[in-house]
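So that you can tell them apart, the chains are marked A, B, C and D in the order they are listed, and the count of residues begins at 1 in each.
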Amino acid sequence: MANSKYEYVKQYELDDSLLPGCWIVVRIDGKGFTKFSELHGFEKPNDKRALDLMDECAKEVLNEFPDVRLAYGESDEYSFVLGRSTDMYGRRASKIVSLLVSCFTANYVAKWAAFLPDTPLRSTPMFDGRAVCYPLDSNLRDYLSWRQADTHINNQYNTCFWALVKSGKTPTEAQATLRGTQTAQKNELLFNEFGINYAHLPEQFKKGSVVLRRKTMVEVKQRADGTPVLRERNLPTVLHTDIIRDEFWNEHPQLMAP
Amino acid sequence: MANSKYEYVKQYELDDSLLPGCWIVVRIDGKGFTKFSELHGFEKPNDKRALDLMDECAKEVLNEFPDVRLAYGESDEYSFVLGRSTDMYGRRASKIVSLLVSCFTANYVAKWAAFLPDTPLRSTPMFDGRAVCYPLDSNLRDYLSWRQADTHINNQYNTCFWALVKSGKTPTEAQATLRGTQTAQKNELLFNEFGINYAHLPEQFKKGSVVLRRKTMVEVKQRADGTPVLRERNLPTVLHTDIIRDEFWNEHPQLMAP
Amino acid sequence: MANSKYEYVKQYELDDSLLPGCWIVVRIDGKGFTKFSELHGFEKPNDKRALDLMDECAKEVLNEFPDVRLAYGESDEYSFVLGRSTDMYGRRASKIVSLLVSCFTANYVAKWAAFLPDTPLRSTPMFDGRAVCYPLDSNLRDYLSWRQADTHINNQYNTCFWALVKSGKTPTEAQATLRGTQTAQKNELLFNEFGINYAHLPEQFKKGSVVLRRKTMVEVKQRADGTPVLRERNLPTVLHTDIIRDEFWNEHPQLMAP
Amino acid sequence: MANSKYEYVKQYELDDSLLPGCWIVVRIDGKGFTKFSELHGFEKPNDKRALDLMDECAKEVLNEFPDVRLAYGESDEYSFVLGRSTDMYGRRASKIVSLLVSCFTANYVAKWAAFLPDTPLRSTPMFDGRAVCYPLDSNLRDYLSWRQADTHINNQYNTCFWALVKSGKTPTEAQATLRGTQTAQKNELLFNEFGINYAHLPEQFKKGSVVLRRKTMVEVKQRADGTPVLRERNLPTVLHTDIIRDEFWNEHPQLMAP
């Protein structure tokens, strides 16, 4: 049963390296999460427990892969940013994408019970992933702005939609009510009809989640007398903040550093 | 916060469709499983519980994705075969690979406790994946033969290696003993020194695992009197059998059907 | 002016190898040949001189590249077939495509005057090219059948169209006359209105051109007495024959050989 | 002979679009030009007629393709630069590469006699081509610097080598003499042994050729009295100048413009 006569099949593995020098964004996306969220009774329009679980998984991706320097998530999707000069797995697309997806999924299942303790996992959560290259810093900024603007648009729409549905409208009626409305009109609807001030909703819902490494004091051991020994560590941290405006980027210059 | 000015970034997503008309093989592979298996005290050279868990995950992949018609696994890797004419996700490589990896990983974590009930999961199991295209039926056969021959070679070596180590040799000494030995010599070593008849080892260790759909009678409900109602279902089934010789393929002609 | 600090740019050249084991077809196509053929007064619907020039260039491609085993051409396009197992330039797509295009173009210009002696070349003839992989023999057959069926359809239409235009109709009227007509109707039109029996048109127009290597006796030198010394050589030869039916392939089994 | 049953083969043409937003460089390279230049008696180390022909072909590429904004050539190679935002042929690699190669080759043959009037073309000149993407302006600068530094290094070496060979050394002896020598030593050798001041050699040999569009007054017609009517046109122009230092880029800001 010598193996040598079959080994030629290895040559059929084609190179799928991503262009050097570009930002790499890996976006992962829940498969069939509309159904998944119904099956597990996720609160609408946002289930804080499920979002916290997503954020926790993203933190674990940053813990696992030092080359991932930033992540941004909303709803059932998350984008991970690798630096221009990363040579992680020789920049092979399938290797990078599959490992990030696998890490995220494993944590999603493993930590589910901690975040939704009263809800048994009744189906298999799955995420697809893809890698995209961006040549310019401005492209990366625009990509992230695209996702965060999307978060806002979706969240505002969904907040209105579910308020209408919970007040007794059918989904079809709710859609008809919202068709063609602008931001200002949606905010008025929320305030006038449901007493909801959109500006007061949780930042996590309105802005999504940013994960980056931040200097954090952590207890590394205890002295004999029981007092903690603290060390500064660069740990993944979740923020719910605007990443479209320059302030965020000025505050975290390391994100865009070469 | 209109989204339109950012949407150009979508154009940077390049097409990664796999060539039509070819067999698609997605091979997934455990990341750092040498360390992972030590951390969780896997039995050497083979841990049946861990292999059964792998097989169960592969079955779930076939349950989830009807276009996966065959799988073959050994150790911490599994190969999934999609038919020539599959149009699953438009044959996009990253979509297919990431979803199969995600499905496998999710099940690995979710079912861990059922297969290794006494071993808490202490780190994140991760799998990478890649897709390879094979134009000819003979290429696919050779690919699978390559993996199964590899299973045999590795298992025989590892069986000897761990027998030597368990008998008191250091890993370096064990390697030195085995260097350059042929199949027959390894079998003699096992028999003469350790009383192990290689031929009597479990087929799962020697042949790896094949997963395919097979007509199976399953209970779909019970009658009023408590007797079960059976229906034939085409269910993923695990076999430990030779897939190099023609017999297997003659027995399962649907595997190679267009 | 040391070069080393710039050499990193070489890493940006990504691999574009074509899948091993597949047939490779390189199709080249004239750029703007409608205009080019008007500018040079090509006869309509077919200019035999221009077609002969195309055929000659294809022969030179086979002379230059032994891995090209077959070519098929019509109008201003030509398809070149490389065998499944070719390793020409490591199967790199851009290398193969660019060299075939370059060889064809160079000959087109160099031999123009020999084929159209009374027509000075007044603009730059250019051809684009692309490589496509086909996994199965039947795919290759279907590809070539696709092109030859296209030749027939185009030629029949164009023969009618130009007969109508030459008889005094405007192009718009000619198009209107032909709209929705079937093969039989077009043949009747040609015969009844213009006395043209489509079946009697030159095979080159109806079937296009096939180029393959054929054993041919060629004079390699002369004896002292002036008699020629002949040797059998395997030379590119042009045929105008049906390549859709099996006869052609049965006659030339080497074309499909591994 | 309906075509529809064969048309599925079109789906096998995979997308090969180049990443948006990047500089595209297409480098073409003579095939077997060592032999080609011997066959046609090119002067060594540089044949001005052959270099002028290359430059002329590059100008024609810029004439034909407005999206090519810059070219740089040396010896038997030329690099063409397309702007970041070009959408020429949807950025399809094979289309762009093959057409540039075809345009260059066609002109090489068509204009051969004008540049080497006493040398009949005795074999087929061919060029291969490839496309490379560069994300940053600095990458493009480095690419071009890489080529121009290469020109210098090669030219200096070849000038020495051929001076030695013409003075009676064998090629092997000439190579041995030059092995390990630095720039300064080569210049001294040229000056001391052959009276050649490297600095006085033609810029075309030392710097290669840059092609860019420049505002040029051209005669568009003549008045009745025979005086010419001039108009400003943006015409491809050849320069032999340093493109490594900033001066060139400051002088031609349009080259790096978005």
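The criterion applied here is as follows: a residue touches a chain if its C-beta (ideal position, glycine included) is under 8 Å from a C-beta of that chain, and two chains touch if they have at least 3 such contacts.
Note that this is a predicted model, so its numbers are computed, not measured.
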**Message:** Going only through chains that touch each other, how many steps at minimum separate subunit B from subunit D?
**Reply:** 1
**Prompt:** Which chain has its C-alpha centroid at the greatest distance from the C-alpha centroid of subunit B?
**Reply:** D
**Distance between the centres, which are taken as Cα means, of subunit C and subunit B, whole angstrom** = 47
**Message:** I'd like to verify one number: the distance from the centre of subunit A to the centre of subunit B, where each centre is the average of its C-alpha atoms, in whole angstrom.
**Reply:** 30
**Message:** Counting only residues that touch at least two other chains, what does the list for subunit B look like?
**Reply:** 12, 14, 19, 21, 133-134, 139
**Item:** Of all residues in subunit C, those that touch subunit A in their complex
**Value:** 11-12, 14-15, 17, 19-21
**Prompt:** Contact residues on subunit D for subunit C in the complex?
**Reply:** 1-3, 5-10, 12-14, 16, 28, 31, 60, 64, 92-95, 97-99, 101-103, 105-110, 121, 124-134, 139, 142-143, 145-146, 149-150, 152-153, 183, 244
**Request:** Flag every residue of subunit D that touches subunit A in the complex, lowest number first.
**Result:** 19, 21-22, 84, 133-136, 139
